[in-house]
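The first chain written gets the first letter, and so on, giving A, B, C and D; residue counts start at 1 in each chain.
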Amino acid sequence: MATFAVIEFPGSNCDHDAYYAVKHVLGQRAEFVWHKDTDLRGADVVVLPGGFSYGDYLRTGAIAKFSPVMSQVRAFADAGGPVIGICNGFQVLLEAGLLEGALLRNRRLKFLCRHVHVRVEQVDTPFTGEAMGGQILKLPIAHGEGNYYAAPETVSTLEANHQVVFRYCAAAGERSDTANPNGSINAIAGVCNRRRNVVGLMPHPERACESALGSEDGRVILESAVAAVLSAGVA
Amino acid sequence: MKTRVFVTLKPSVFDPQGRTIVQALGSMGYAAVRDVRQGKYFELDVDTDSEEAARMLATEVADRLLANPVIESYRVEVEE
Amino acid sequence: MDQATIDSHGLSADEYRRLVGILRREPTITELGIFSVMWSEHCSYKSSRLYLSRLPTDGPRVVQGPGENAGAVDIGEGLAAVFKIESHNHPSFIEPYQGAATGVGGIIRDIFTMGARPIALLNSLRFGGLDDPETRRLVDGVVAGIAGYGNSIGIPTVGGEIAFEPSYAGNPLVNVFCLGVAKVDGLAKGLASGAGNPVYYVGAKTGRDGIHGATMASAEFDEHSADNRPAVQVGDPFMEKLLLEACLEVMQTDALVGIQDMGAAGLTCSTCEMGARGDAGIEIDVSLVPQRETGMSAYEIMLSESQERMLLVARQGRESEVERVFEKWDLHAVRIGHVTEDEVLRVRNGATVVAEIPNRQLADEAPLYDRPTQVPGYLDEVQQLALEVLAAPGELVGAWRQLLAAPVIANKRWVYRQYDHMVRTNTVVGPGLTAGVVRIKGTDRALAMSVDGNGRYTYLDPREGARLAVAEAARNVACTGGEPIAATNCLNFGNPERPDIMWQLAEAIEGIGEACRSLEIPITGGNVSLYNETDGEAIYPTPVLGVVGLIEDRARVLTRVFPEAGLDIVVLGDPMGALGGSEYLKVSYELVRGRPAPVDLARERALQRVLVAMARERLIRSAHDCAEGGFAVTLAECCIAGAGVGATVELPPVDGSDDRFGLVRALFGEAPSRVVVSVASSERDRLLEVARAASVPAVVIGQTGGERVVIGVDGAEVASLGLDEAEHVWEHGLSRHFESVDSAA
Amino acid sequence: MKTRVFVTLKPSVFDPQGRTIVQALGSMGYAAVRDVRQGKYFELDVDTDSEEAARMLATEVADRLLANPVIESYRVEVEE
């Protein structure tokens, strides 16, 4: 069994959703870790959940990056541990410099909650190992600032290093301007670090783990992490 | 001509962002920052050579669109 | 006390005399302020109480009726649903974003104050016509404000309604509903007891904002209100999120005696009501209250309506437990006083006593008015509908298209995509499909909820309109398979001092009472918003009903969408509609006239029960209520909201076929107690049998399938629309008035 | 001491808010406003009498918290 630490910042609001998906849908172990804690409770996987840490005041993720727990998260990532940032968690990872780039206001300036499709571009991360390359996932988004941006050189490097993990696409997989919900550069929905163990994405896989909620496509992301942990344990 | 508009919450209006920033600064060790108020800042590129015309236009625009007069006030500066 | 000061507090001569009688002396200025807010219409319900007391509030499931911060009903497995609706109309007109946002904040506090975890929001909105840019600005701000607060705090908005009528142009309505879940034996109370117990203040600091907000909500707008803009309250959803989590955590301990949020009338209302409910008094020192501004007077502190503040009474000796929980959430619980035995609200400012008021009299002996009523002069005239003087109806398909594009009917995606409707991962049916449904984790259960009210109907016939609102909200819930178990209501009316408005209010409350009694749905709470007028022009009288339904097995939830081709389509209920007050008359003739088709409550009850039973037995595959736009619009909505399954139906012959409006009435006439369901052919006979046994009319009218929606009458096709076209007009009817939220479809 | 921090998006970064404002202004008849960039504006109350100290502190705070160097640049002014 894999243990997922779900970090709780003040203002996180998808912490319980991630916990529920890990524990009650996937049947794995889940532990909440308060942002002032300095112990990751034996985590195999660290989840930075969605929400509005510190109200998203100033900038999304800007204040949360100074939380005491973030130095543990950094150490965990530096040691190669799998870390995933979902929505606000992605924003925190970017602010903290664990991933490259930034998230701007959505192109239309409005908060947007809906299902979108993303294509899995890379399967060699701990969060996509169980997916098929090019697999299309139907996942919900719910954000006002998900417009991924990085300087052109950075984007080139990310592309060259295959660090773009998820890209917005139409239901059948093709890329188009209308399939890009927020104006993200190169339709980027999620990226990883150089070492590939830290992944951030705007869509919410934890909201797409049960058919009763409209999609189960998010499971593969969390299940990949479980598989990665188990195979690392065996190895 | 480059014109700048500053929009700030009226002093009596509560600024939750400013308060949260002060608290964050406090816990980062910057207790010397006693208060923060967050506002908006606009740089307008106005198609005129007259400082007076730029100021008038920017003021009108600030009044009608950039500031919400119910809770905000604004100030206009023209770059010399 | 000089007359000008008394007048400026909105107290009548009689009320002032009553106040002096209670105090047995002249009030201090702080006391005058306290009485004025507690006795304002908003806090005291002085014009409506008499009528509200006749509403049915009892039922086997009721755990908490009106009187606490929110009502509560038993939903089984030891759980209670806690819910209420609130208006924030005036503040939203003054500053749409903040007004709507703080409205959401207020109703959420009412729910978690009860010890319930809020799990769903709904909203009911009314604006003027969308052609007016000012209306669009208001809509934009209100929707963004609701989104800004609800999304941040992480409570999904799972439904609502929005309508546009010129009568709301200068006075939009913003009603917000919140529902939470608590353990039945874990409900918190808003009371103070146990002399010596400490009284804590927690949350945002007190500023000068919203002073006299409660009295503002009770005075009509005039042309000056735009100038003397009262201070606007800015919502802080982050603070509220911390308060929510911290308060729910504190309630897990038994260190808490009582808790109440500071809403309208702030510290005044919370201290006096908590004392009155607990047969105790509260003594506080305002100098201890955390203040955002310098030099605030006791008067200002007591009357401030700063948002995101709570008042708690803890058990003596358990202080540190309470304080520790709040510290964890970076909040500081400040002790500002204690409970006393003497049933007096005593306010000190340091050593000086600035107010000393018997709190029971203040809370419970507020003035009560039996205001004169009179049938409004307009009524006779508008109830007349002479179809024979109208131009001949146009082409049916054209009217059908126009109706699908009417903003009240068109796709509301532009609105609800701005709301996070999925957070908390409970949303089984989100906005866009009649009632919202959220599951209750840890059980098989789910709750359905809907807010409804048709101001046009209530304008044309207040009593009937109110009955129809109850019936529609309950029917929407029943269409998901939910058994309606309780209701809340928000009464939005004009100036009750006008006898014609008072008559509307009285009639509407009677209508709600009749319908709730007959449908056996108790009212567990609500809100009254009066003085909704601009320059003497009142809004349409608008009661909004929020109904909650229980679904025991969430796997049996239904939506309106035809799930596949080859199903039989059945109309349950009375097949014919009427044109009085219909959207058709509005759209095609710009007429708001006639009387809405009345609801036969016994038939309505039978229909709702049979729907719930059919859903439970998995007899039907979808269900959709016929509302605005009548049968043709309903049928199209069943087809286009989902994957796009067409339908071909044939209605029975129309009575009076020589009548020019016969077909119009069949297609677009509106009437209650009518639901379109789909059923597998193999189950059809069983369905008809169940309906017959329940004495609910049921007519098989056609089948799902194809790429078109085709309606025939008595053997001849009368109207047909391609799915793509229907979807296109429906899709853009509302969103075309706004910048798109989203590039993708 | 009152200190002001201006945070603006770097010129290379697309500013959707600014663009929306320019469009709105265009339709309101203010075509003379060729470009708008929206930024943030902070008023800090710093507990010091030294202009130099206030500037240093505000700069540090801007650098660490108020601006995100990936997309934003900032400027500090101390009120004389």
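Convention: a residue touches a chain if its C-beta (ideal position, glycine included) is under 8 Å from a C-beta of that chain, and two chains touch if they have at least 3 such contacts.
In this text the structure is predicted, and so the values were computed from the model without any measurement.
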Hey, which chain ends up farthest from chain C, C-alpha centres compared? D
Which whole number of Å gives the spacing of the CA centres of chain A and chain D? 30
Just how far, in Å, is the C-alpha centre of chain C from the one of chain A? 36
How many angstrom between the C-alpha centroids of chain D and chain C? 41
By the touch definition above, chain A meets two or more other chains at residues 54-55, 57-58, 63, 66, 107-108
What positions in chain D touch 2 or more of the other chains? 20, 65-66
Per-residue multi-chain contacts in chain C, two or more chains: 236, 238-239, 330, 739
If two chains touch, include that pair; go through all of them. A-B, A-C, A-D, B-C, B-D
Hey, which residues of chain A end up touching chain C in the complex? 10-11, 13-14, 16-17, 20-21, 24, 34, 50-52, 54-57, 107-108, 110-114, 116, 140, 142, 144, 177-181, 204, 206-207, 209-210, 212-213
Over in the complex, which chain A residues touch chain D? Could you list them? 58-59, 62-63, 66, 94-95, 100-102, 104-109, 147, 149-152, 183
Would you pull the chain A residues touching chain B in the complex into a rising list? 54-55, 57-58, 63, 66
List the residues on chain B that touch chain C in their complex, please. 9, 12-16, 19-20, 23, 68, 70-71
Which stretch or stretches of chain C touch chain A in the complex? 144, 147-148, 151-154, 236-239, 241-242, 328-330, 416-425, 427-428, 439, 441, 554-555, 739-745
